[in-house]
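Labels for the chains are A, B, C and D, by order of writing; each one numbers its residues from 1.
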Amino acid sequence: MALSGVLRPGHVAIRVLEMEPALKHYVQVIGLQETARDAQGRVFLKAWDEHDHHSVVLREADEAGMDYMGWKVDSPATLKRLAAQVEASGLCSDFAWIPAGEHPATGERFRFTIPTGHVMELYAEREVIGNCCGTDGPDVNPTPWPDGLTGIAPSRFDHCLLYGDDLDGTVKLFTEVLGFGMAEQVMAGPDGKLMIGAFLSCSNKAHDVAFIRQPVKNKFHHASFILGSWEQVLRAGDILSRHKTSIDIGPTRHGITRGETIYFFDPSGNRNEVFSGGYIYYPDKPVITWTDNELGAAIFYHDRKINEAFLSVFT
Amino acid sequence: MALSGVLRPGHVAIRVLEMEPALKHYVQVIGLQETARDAQGRVFLKAWDEHDHHSVVLREADEAGMDYMGWKVDSPATLKRLAAQVEASGLCSDFAWIPAGEHPATGERFRFTIPTGHVMELYAEREVIGNCCGTDGPDVNPTPWPDGLTGIAPSRFDHCLLYGDDLDGTVKLFTEVLGFGMAEQVMAGPDGKLMIGAFLSCSNKAHDVAFIRQPVKNKFHHASFILGSWEQVLRAGDILSRHKTSIDIGPTRHGITRGETIYFFDPSGNRNEVFSGGYIYYPDKPVITWTDNELGAAIFYHDRKINEAFLSVFT
Amino acid sequence: MALSGVLRPGHVAIRVLEMEPALKHYVQVIGLQETARDAQGRVFLKAWDEHDHHSVVLREADEAGMDYMGWKVDSPATLKRLAAQVEASGLCSDFAWIPAGEHPATGERFRFTIPTGHVMELYAEREVIGNCCGTDGPDVNPTPWPDGLTGIAPSRFDHCLLYGDDLDGTVKLFTEVLGFGMAEQVMAGPDGKLMIGAFLSCSNKAHDVAFIRQPVKNKFHHASFILGSWEQVLRAGDILSRHKTSIDIGPTRHGITRGETIYFFDPSGNRNEVFSGGYIYYPDKPVITWTDNELGAAIFYHDRKINEAFLSVFT
Amino acid sequence: MALSGVLRPGHVAIRVLEMEPALKHYVQVIGLQETARDAQGRVFLKAWDEHDHHSVVLREADEAGMDYMGWKVDSPATLKRLAAQVEASGLCSDFAWIPAGEHPATGERFRFTIPTGHVMELYAEREVIGNCCGTDGPDVNPTPWPDGLTGIAPSRFDHCLLYGDDLDGTVKLFTEVLGFGMAEQVMAGPDGKLMIGAFLSCSNKAHDVAFIRQPVKNKFHHASFILGSWEQVLRAGDILSRHKTSIDIGPTRHGITRGETIYFFDPSGNRNEVFSGGYIYYPDKPVITWTDNELGAAIFYHDRKINEAFLSVFT
């Protein structure tokens, strides 16, 4: 009860063109911590306030983009139940069980492809590592933040925004099978009945994943990491500029979710976000609807217009 | 799934010695909005980002303190189920069903007394009112915050901190019957095995209710409202001083929950808090433990000592 | 001694195409206070933390832009002395003494045209009005900010950025005759010897006026108002969007001066800025130099590129 | 013109009981940078945004306190002129010329004792060192803040607050001889005519030095360093607590100057402050007066009462 079922976005697996500059970006600029490398050369990373072993997986590949996104569920029993329900839903394909240990410190994962073409995973077990939470010892008398942080230093991996075609199918899967709530939606079309954006939450966060309807399959718009304040968004902008990181837009505010944001690109062209703010979502909260004539303000509340790159640049 | 069962602290009913100065405090200084008065003279209030009809109930009485705290659950079926489980738990007493309409715009409530002597309620239905969330219309194309806010203007009622004797019983009730997680605990005693503080969450918030072991029954330490930033905590302090409101302590940071806080008193002597910050809690997060030799830092992280009033002043 | 001579930018006189929407913008959106209107229909405004009678003058005209900028000097004797020195410098033209009272509550002003074609004024006397500085009474036991502020509510008019051709002459005037220091300069040309931007200070502020070399005379880039924090810059962006005010760029940071900024337009197309931050300037501080290959970062530090409008849109 | 005469507080010389813990405090906790040690064992320090060689001098001694405070003036000619005027004023004693080089990288200093018993110095020359201002090279294309800062990292030494008996004499000296303005005053006594506090500015800052009337000579209340935001004051509190530094009071706001502050002690018991905010002072700004019945709010605006230590603890 309370929080159960799907708990959170547990990992995002990102393809990068070269590992070395990617690590410089994710470790020195963003400030994630490397926790493991495996025989394939994959690098596993976590943010400072995450207790689990990793939340970001980098893999060298010929093309940038997202391999898959993983969701932590509350127990092995829930994993079995949700896997069965996903299979039974008729909405997904390419089911697979990935054995425990394929990700370090992680139990078995159930993998499937959703209607928008993205690969998702569910898993129930991942080791808690180290002296998390900036504690003096293992979770005893912690300091509010750890000493020695580097770079932007977000506290957690937060969500992804993904582009795909069958938005209806994916929304049906997340809301009817996986238990997510719809926090906000963007509606278009002659009668305002065509959903073109869905912001979905399995928590009190304004979104844990979001999808935009685009005539593509399996595209990755951005992976987002959370900061503690708007001042940290400014500081992020300063750090990005110091490293001559390519900034897409921001600092600014989103209309959707109210988040305070800056978008930028990793060296392979994958978009990242760091953001702060937003509201406390509850499943009984009325859905917020944005109409397409206000799409600009929905996405970037200050400018009230979408920059060219928002819709055209993804990996 | 996701968020289910007990969703949130839905209301706190506070006794005030005189209604007029109390309203000046809760409406003009804190910035809550009056949504109803009833025949008994009770006044119902909400914060600007709450969609439900009310979250604070004020009642004139000879003695200050808290009458009861109410919890919104996800459905009438859950209300029935949890009511039965509370009754069956053997931990509570004084069960009662309060009929729908006794609170305006609210369905029936199940009332019971918990081991620390506090009266709690569960309810499943409350009307959503007005153009909530600062929207231009009903939840369409909202602004990030509404125009015309007054006073401190927290976005939501957030939690209560309560004092009582049978902490073990109350913790057992909240964790084993009501589905809460223990985010942080304070341990004392010769071997560190005596729990003297419990910070409990039914959400991603670091706490939805907290209890401190004290040799009393049914005492009220504070009701807390959430702000969006540490700068708003400063502004709250300025507004409190302008109105010559009695400040207990702050602005400062809590070690427990990491929250940035200011404590103050309503004209009847009930303590209020406005705060910002904290972390994202998950039920699989390791419990944070504070030892009693670090109790000062746990409560007020900067001073590292508890002010006299923290333990001795309550209603 | 200490601060003497030219004290500060005392007023900016702006032409607007229609007074009513201009006042809605400067009063309701920016949050200036109207302090007088005169027989010509000019409207005089001040910001909340200014003690002088006015700092902004609006005049209805067929063309937007700046009529003139006025500088408060420390005494009538200094006014006489600086007027004589300006005349004697051989750098200026169109000298005139404007009689006391032509601006309400203001003594006589010495007017002249500087090498970049802008009209400047010096004056020594302006009445202090009202209960300034948020005080309970006339400057006794003040609150840190006044109750009842509306709109963005900057505390002061801060500086102007102006475009013109004879940058060398104007810089010579301000530094050699009027006693300003050069805080920062932008250098271009084949050998980096051509100054294209000058940021000039008569105070501890990073700039009180700035000039950019452009092949025009007497052009107005923006008038700027100061805020207390980066969070207030965010709030400004929110208020501008709520009122559908046209935003030019921001929130972002300037490389030059380190200021945190948002640019926007009044209904007549005059650019305004609200900003926070910057450093404490001293006349013995080494001049900061920006090279033209880093001009993007100099102007907008995060994007590292100048938006099209920065150079092409002015009034 | 503009800023001339006495420019700023250039250095404060503090006595510490043991150098090693003092350096741990001033370097690791506060985040000053050591720039020199001399044969006497004195250590010279500067803050990151100061261009001069040093601003803090630590000396090991049997008793904590302030040896002297030094003021940078605009030129050797001004130094001679002000030295003569101080001598001629009849207000000071113990005149001495300290030869160039007695402080590293510093010209000759004129030393004298003021009516409250404090030792002050004037000097005109100090070398600019290093790549100041976070620049990539010597003041070319700087970043807004340097990489690799440690501790609280204030940008500058800002002011001192001093306790002494002959407040009238000291105020006369600073305002009539040294060219300071009175920004704020605290008045007490039966008819409100006894000045008990004076906040004096030689700049646009709300204070460069302040004096409180107390029946003592030559006492040191605190040396203060400036931060860029209220969020940095919170972060300072966190860092102080992490290092178990003794905090006196704060974070809170001063009524006087509006500054946002935290007071703490170095290991020798000398009080330090870091603060942000305040307003832009001008010499023609009306003096703000605080009456002694509002002294609490004047000092600590939120609590509206002075903590015991404010008046009784000094070195």
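Convention: a contact is a pair of C-beta atoms (placed from the backbone, for glycine too) under 8 Å apart; a residue touches a chain by one contact, two chains touch by 3 or more.
Each chain and its UniProt protein: A, B, C, D = Metapyrocatechase.
Given the structure is predicted, the values throughout are model-derived calculations rather than measurements.
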item	value
A-D or B-D, whichever has more C-beta pairs in contact	B-D
Self-contact between copies subunit A and subunit C, residue sets same or different by half	same
Computed distance of Cα centres, subunit D from subunit A, in Å	48
Distance from subunit D to subunit B - Cα centre to Cα centre, in angstrom	43
Residues of subunit D engaged with two or more neighbouring chains	144-145, 229-231, 238, 241, 253, 297, 301
In the complex, subunit D residues that touch subunit C	1-8, 49, 51, 72, 74, 128, 132-133, 135, 138-142, 144-145, 155-156, 178-181, 201-205, 226, 228-230, 253, 255, 258, 277, 279-280, 282-291, 294, 297-298, 301
Parts of subunit A lying in touch with subunit D, wherever the complex brings them together	143-145, 147, 229, 231, 238, 241-242
Contact set on subunit B toward subunit D in their complex	230-231, 234, 237-238, 240-241, 244, 247, 250-253, 260, 262, 297, 301-304
